[in-house]
Amino acid sequence: MKDPQVMTRLKTAEGHLRGIQRMVDEEVYCIDIIRQIQAVQSALNRVSTMLLEGHLNSCLIGAVRGEDPDERERVLKEIAEVFEAATKV
Amino acid sequence: MKDPQVMTRLKTAEGHLRGIQRMVDEEVYCIDIIRQIQAVQSALNRVSTMLLEGHLNSCLIGAVRGEDPDERERVLKEIAEVFEAATKV
Amino acid sequence: MKDPQVMTRLKTAEGHLRGIQRMVDEEVYCIDIIRQIQAVQSALNRVSTMLLEGHLNSCLIGAVRGEDPDERERVLKEIAEVFEAATKV
Amino acid sequence: MKDPQVMTRLKTAEGHLRGIQRMVDEEVYCIDIIRQIQAVQSALNRVSTMLLEGHLNSCLIGAVRGEDPDERERVLKEIAEVFEAATKV
């Protein structure tokens, strides 16, 4: 699923990370750099949620309605896995 | 879905929180208390993942296979919401 | 450092966890239980921050002004450690 | 504080983000993209911790030993703030 919003947000996050490198280079106050890194992480959380929404509304529906129980189980398991990982990043 | 494992883990987390209150009462070193709180949070992440797994394998399957598109949309939206919240706690 | 606010919040979190056990027992909708668990975790984040603030304003100041470089290093290292752990729970 | 390791890790994260954009462009499986985003976030957590360590060992020591109580209070408060924010990203 190719979402232009996802791409735009990823490009923005990449530009933000380049700006953070300039801050490190210019020896900006560390706490301000940490805050900018946290802002990038927060933006990436949003992107992950958008991707998950797309996934739920396409692949997941297909797998749950499909004939293959292994495929269904795999897709449901993956969602639980990225949820658990989300609590750790 | 009544999962005995979920209940056991919640009881353990509750006991852990009572132990942390004793630590505060006995003026244990703050950093050690913070570490115990983080351990409880980590245990609660595990419980949330277990609950989500149960939910995916029951309610979600029902909603996706069901006839009601609003119900399906609601169930999928909720999963994205708890995922997004998970990135913030 | 014995902070009555910390104790009150820990007791509230413990009561909240007992309420969540009742929700599991009464087979409340899983997503609502997950949301309550996330609320407890969020409350515990607040308690950890309060404990860290107390620690910074007491032990840390003592260690940084003290004569023992190993003790100072240990205290600073611990703060970085709980910070890193905080990003993972 | 100009740490070459911090700069290297930020550049790596930036490259990783560009790779993720290619994945989106090539319509790679959403779950795999989410996992890569989580890996970038995890790498950024490491960078934040490294920056905090540097900060504690320089600015913080200066502020705690310095003569200005407002400056000291400000520096300690900031650390508690980034800690609290860390629990939310």
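A, B, C and D label the chains in the order they appear, each numbered from 1.
Keep in mind that, in the parts below, a residue touches a chain if its C-beta (ideal position, glycine included) is under 8 Å from a C-beta of that chain, and two chains touch if they have at least 3 such contacts.
Quick caveat: nothing in here was measured; it's all calculated off a predicted structure.
Asker: Which neighbours does chain C have in common with chain D?
Answerer: Chains in contact with chain C as well as chain D: A, B.
Asker: Taking all residue numbers at the chain A to chain B contact, is the shared part over half or under half, that is, same or different?
Answerer: same
Asker: Report the inter-centroid distance (CA atoms only) between chain A and chain C in whole Å.
Answerer: Centre separation, chain A to chain C: 26 Å.
Asker: Rounded to the nearest whole Å, what is the centre-to-centre distance of chain A and chain B, using the mean of the C-alpha atoms as each centre?
Answerer: Each chain's C-alpha centroid was found; their separation is 21 Å.
Asker: What's the distance between the Cα centroids of chain A and chain D, rounded to whole Å?
Answerer: Comparing mean C-alpha positions, chain D is 16 Å from chain A.
Asker: Would you give the residues of chain A that are in contact with at least 2 other chains, written as numbers and ranges?
Answerer: Within chain A, residues 45, 48, 52, 79, 82, 86-89 contact more than one other chain.
Asker: Considering only which chains touch which, label the overall pattern as line, ring, star, complete or other.
Answerer: If you draw each chain as a dot and join those that touch, every dot ends up joined to every other.
Asker: Please output the residues of chain D touching chain A within their complex, sorted ascending.
Answerer: Residues 1-3, 6-7, 10-11, 13-14, 17-18, 20-21, 24-25, 27, 29-31, 33-35, 37-38, 40-42, 44-45, 47-48, 51-52, 54-55, 59, 78-79, 82, 85-86, 88-89 of chain D touch chain A in their complex.
Asker: So in the complex, the part of chain D that touches chain C is made up of which residues?
Answerer: Interface residues on the chain D side: 45-46, 48-49, 52-53, 56-57, 60-61, 64-65, 72, 76-77, 79-80, 82-84, 86-89.
Asker: Given the complex with chain C, which residues does chain A contribute to the contact?
Answerer: 87-89
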